[in-house]
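In structure tokens below, several structures.
One chain, subunit A, links the two complexes that follow: it is found with subunit B in the first and with subunit C in the second.
Let's turn to the complex of A and B:
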């Protein structure tokens, strides 16, 4: 790790991130006063980011990344390295560009129908948290250091939690927020492990340095495990199977949040990380197998489930899950041509999915429902909204001449021409099948929006009354952002040259050796085009025969219900943890002192016993000196007596007898001062005991014990045996090491200068001043230790 | 350490544990005392065995018993005495309040455990209802 100046000459990226943070916190603080006006303030942050990105774009697109660095924890080599290369620039365009549009959109979204109704008090807070999120997301895409990236990553999880659960009075919102933070938080921790392993294996935590010096051999098992951990982190964040359940749940959030976090930006963080890592690691370990399997499964499951939704927003959410799987399949292969298709899809998806969410939000806001069975066409003034919805869905379906068509074409072409790894044909098939599904659910979205699925019976069964025909048309401010994205989608579709340079340099930022081909609307009558035509044809057929498809899907889903879904497994797991915790607490914390004591004693002696029993070398001397026999016999018989007798005074005297025998043992072992102390204290204890016993009855009556007698005997014997093993093994350890260090070294301590007398008495005079009277004056040090 | 002393320590711990598991505070006090004696044997015998008292000037230091475990045992004796005295106070207080020295179970803890199980049952029922609604919708 090279030494860098604490602050690079230019700190514009840090300033930008700090600006987001300051603006965000300021809006949260002033949320009550600002209300929905908070979004007007919030818009300044992404606008600043966009303007800054445009000023930097020239150099970055020439292949000169902007870097800034700030040493944070110097000792650990953790620094905040920021780096804007072309791929990061594409992500910034997505994060800040859409962020700005969303702020404008939200301004209209949170405007109440009736001007007299007050805006909800938590709207201002929402605006502030969204700004903080935008800053965190910028941090993710600008971080060059893995640890800095992780911190920003976690910040996006936390802000996502707060945004989903912003309506804190709704139990559904709280549950969805909790599910999101549990899944992405768990994934974040796994990611931290993975990033550390990768960083250690590479010898550096800077992405731009790892790619120049990719770790290949060495601890390949560890590296493989680390990469799997990184993938799990990316999968949870990007809602891949089997972690996808939180994303549809997150749709309880207000639509601006869903459009921004849960379609255009945050869920792409996992894709972003995979895109960054794949060029270095795709060929190593199990990366490709895991990633292609998970991506394929996600793409298919998302598409199938989207096809069955009645709620337009949920349809889009499952569609997003499917498209995220698609992006994984494109970025994760490690092939530069396929990755280029990924960059195109990233931009195209951001544009059409955000526009579609905005359209759904407009319908929801003006009509009061998002259910296709309750939408029966729209009146005057809705034309622009419907155009935005139809064009967006067409782009999602991959119809020419739109941005989405180009991305799908490029993806198919990439897999056909450059899919030279194991399983690429299978993945290509999956992509084609899932694209048919995508076409079908896009068509479902359009038909639903146009009122084809309107169902009077269902409408009659609903409590509230909605009428889409007479709904108030949205204002131009409301539709504007969606229209802007629609125009962009069409413009890029017709003239891909607009994004060509960005796409090419972004691909080269990921794969330094890549030679990207330019993107075209019409790239000849090739295999990819034939497949595209097949997708459109089959998709149209699925749409025409949709009632039969729906019947078939319904049968299939009944069969699939036997297999637990990701949501059910999550709930089962969550409930299981709660049940287990309560059961364990119920057993351990049951209010009975004897049971507590038994558990504590068994644990305190049993756990060391496992280690000590392995060191067991056998018995040593049985008897050291005959004197011991007499003393031990007295100790044991008195102890047994004390635990059997039923008279309190007898038990007290027995305890005293043990103490006096112990004093005798001290004398034999060469510790006369201990013997004196023991003698005095034992006498004192017995006196105290008798004083207290004066009050208590002389014998005790029987009470039902908390533990049955065999249990108590078992615990006692277990503790005794453990101590026995411990005593023999531990003293064996002493005799092995202590014999080497000669006790002669003690005499060296007795220099004239150091009058610290190595006798237990001088120790006790400092540690237990209260027992000073025990000491014999004959060995009392003239200069006590201070 | 000889097997005999190890056995003595083990017996002190065993009988002490037996008494600790009783409900009578006076028996628990005796148990604490016995366990204290047992740990003193363990501490003392972790030294270098049976030698001359470590009194400076009385003999050649090489023949001394290791004084450090003795210091630890002394601390242990003092602490055991402190704990015992505290338990005496508890016993006296218990007699003052209840005319007995029995340690009752904490009913509150039992109650909390039972309430947790009740909550679990309620939660299961709610989940069941939720599932029924879900199946209705699909």
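Let's turn to the complex of A and C:
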């Protein structure tokens, strides 16, 4: 496990990712013609991934990861390293397995009720973007290099944005998409900072190498800050508090998208990253405190809010938020037994949550509403759909003998037996309480689906007319994918041995030293089982007395309104940024040319000044030959003259004189090439100056406000001093140059690089002293990071 | 070098000396362009000197003289130079090297003796053209004797 496998001769992983990309773009291009048929084409990509994963599974499960590498930006040490270990395999199964089912499901979902209505043209685009997304998500879980992972990560954010906002005529969809990309994009930037710090601290950007060589500088502030940044990135992606508001908003997307991206796969990217990082870094810095606090808060808040939803899809969305918090609590501790529970939950959640979303989509599609108050039971032919919904919800609630029960048992057991860190008891309590809430909202989902909450008064207040009793029963193609997942949930629940090997090796991929215990349906009459019973009992009580619970929750939520919700904070922040930007623009870009020049000059010289002042070593031999005195006297007098004369043309000529004297200085210092350039530039710019000046009045109008002159003088002096310091420090830095030619040498061997550099600096040195620092080759040549 | 209608009085001495100087300066510019590898010079300086020659033409013949200097429009010259430079910069990448990496070959020519040919030469030529194109555009924009006339500009193109 610890040894890196030799480079595979094939490039099958790259081919797989490229296949997703090509198929996706092709479908987007042909979206108009394909329509919903695009999903049939799209299904080939995840199917190929699944088949490929099965062919690789044997070796990977024996602990021999598949690796492929492609040098990308060699100079910066960035390469595209792909690596399929057992944990990645579990994620691939999730991403591509569910992806394939979703494509089949979407075929039926986008079938119009009335065949004569035209298919919306953007359905094809949706199918294409989903394929691209599936490829990006595979990239996240297969990347071994942090930078490659980051790029795939951002690609999932972008495709998610396009998928949420696919219905571009809906303002709600656009707003939700914008919110999602702002939050995850912001998190992505923070993540990039964090990954770089971690990569630098570890000395390598490869995950498989970091785990062998964990940075031991545990107390380092930089590493701690980097880890917090990584966590923030993971939190935004996985909709943890306080960044969770985008996920419920994303539910405006069509249900296949929600089921795929916003429950089963993409939101698990953050969890995935935490799972990868925790074994190495969980004990360092503030990782555990931050992660356990955020995860606990998310799990509780999500559960509480799910309990108050009338929209089945929103209920599931908040349930997803809660479960993601749960996964964070399991993966983030750095303990291998608890992480094993995380792997089980990851798979179980993927199976039941995707099935539940599919059921909601079926209801929405056939009945026309997802509101529990308008669902009053279903007619014949709906039995399979309802079974899928009930079994999925039971798995979510943690009822035996289902997959969800096993994951919850394992989690409780992990925390009871191996929770030996600070706060583990509190977290265990949180998990139990949140599990009770999970049970309650799962029950609410089932009751709502069965029509218990039907409300004739509410129905009467609605404009459109829906009747779930007479709704057309879904086709077998429509229910099939959900049924498949239901069968899987039950089968694994009864015979956990199906996933046992995958779970164990995936845990060992995360924790090389782990000795995972096999998962069982019945692991004895232990504390975890008692807690499970307590959860089920209390949850049932909450469900039975649901009207009182609802009243209590509504009082509590009124009290909670005093505290701004994450939605409100997001809008507040967004408005704040807008206001601040307007104010800054109003001050800095007020339309006055002198102010613009002043700001640009002050920034361009002031910022480097801070760095250069630290290198200040005092004055060197300023005057080397008498010629210096004459030339400098000419420069100074011409510069003073330029600022005093009243006619514009005279000032332009004076500036030209400054430039020519500067060229003379270059000659004296033995830089004929610079002198030549300077001379030519000066000539030409003076000619152009004269041309332009014909369009301006010949003298300045002196109507400037009283403060203007002192301000101009102040800015000029500041810029002058900065450039002076810069010139001195830079010429001092020359001594460190590796290639130093004699000052009088007329011939220089230069590379094109140095020349480009020189030309660009010559422009800026027209009126202010550019010295020979430009010729230091080491200044320009790129240095590799490592 | 025809005089624009209504041009101010022209100095004959200036006209004649510029006729001599103009082509000499262009040769000098080309010399700098080729000498740039081992000696002072290069595409940038060469371009600037060619630009100076163009400005001499302006001094004698006005904007019209500049406009008729080269057959190709100034933006084409600039764009071609830019393309040439960036293409030269990227060729090494395709051959597996770094951006802007260059190679050189030495050869013996009958008259010139040992000549070093550098693959950076097209790059410098591109820079040369960019600078010349830029100078031409500056004269086109600001060089008209009266305040720039839109229809004239369009007709020129």
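For this structure, a couple of remarks:
Simple rule for what comes next: the second predicted complex is superposed on the first by the 571 of 786 C-alpha atoms of A that agree within 3 Å, B and C clash if a C-alpha of one lies under 4 Å from a C-alpha of the other, contacts with A are read in each partner's own complex, and residues count from 1 in each chain.
Simple rule for what comes next: contacts are C-beta pairs under 8 Å (C-beta built on N, C-alpha and C of every residue); 3 or more make two chains touch, one makes a residue touch a chain.
Just so it is clear, the model here is predicted, and its values are computed rather than measured.
Contact with subunit C, but none with subunit B, is seen for A:75 once the two complexes are overlaid on the shared chain. In the superposition on chain A, contact is made by A:666 with subunit B only, not with subunit C. After overlaying the two complexes on the shared chain, residue contacts for A:522 are found with neither subunit B nor subunit C.
After overlaying the two complexes on the shared chain, residue contacts for A:677 are found with subunit B and with subunit C alike. In the superposition on chain A, contact of A:687 is made with subunit C only, not with subunit B.
In the superposition on chain A, contact is made by A:695 with both subunit B and subunit C.
Contact comparison for subunit A: of subunit B and subunit C, B touches the greater number of residues. Shared-chain residue A:545: touches no atom of subunit B or subunit C.
When both complexes are overlaid on chain A, the residue A:590 reaches subunit B alone and has no touch with subunit C.
Common to the subunit B and subunit C contact sets on subunit A are residues 672-673, 677, 681, 684, 688, 692, 695, 746-747, 750, 759. Residues 75, 672-673, 675-677, 680-681, 683-684, 687-688, 691-692, 694-695, 746-753, 755-756, 759, 762, 782 of subunit A are the ones touching subunit C in the complex.
Note for the complex: subunit B touches subunit A at residues 1-24, 26-27, 29-31, 33-34, 37-38, 40-42, 44-58, 61-62, 64-68, 70-71, 73-75, 77-78, 81, 84-85, 88, 91-92, 95, 100-103, 105-110, 112-114, 116-117, 119-120, 123-124, 127, 138. Residues 557, 571, 575, 578-579, 582, 585-586, 589-594, 597-598, 601, 605, 619-625, 628-629, 632, 635-636, 639-640, 642-643, 648, 651-652, 654-655, 658-659, 662, 665-666, 668-674, 677-678, 681, 684-685, 688-689, 692-693, 695-696, 700, 703, 705-707, 712-713, 715-717, 719-721, 723-724, 726-728, 730-731, 734, 738, 742-744, 746-747, 750, 757-760, 763-764, 767-768, 770-771, 778-779 of subunit A touch subunit B in their complex.
By the touch rule above, subunit C contacts subunit A in their complex via residues 32, 36-42, 44-45, 48-49, 51-52, 55, 58, 98, 100, 102, 120, 123-124, 127, 135, 138-139, 142-143, 147.
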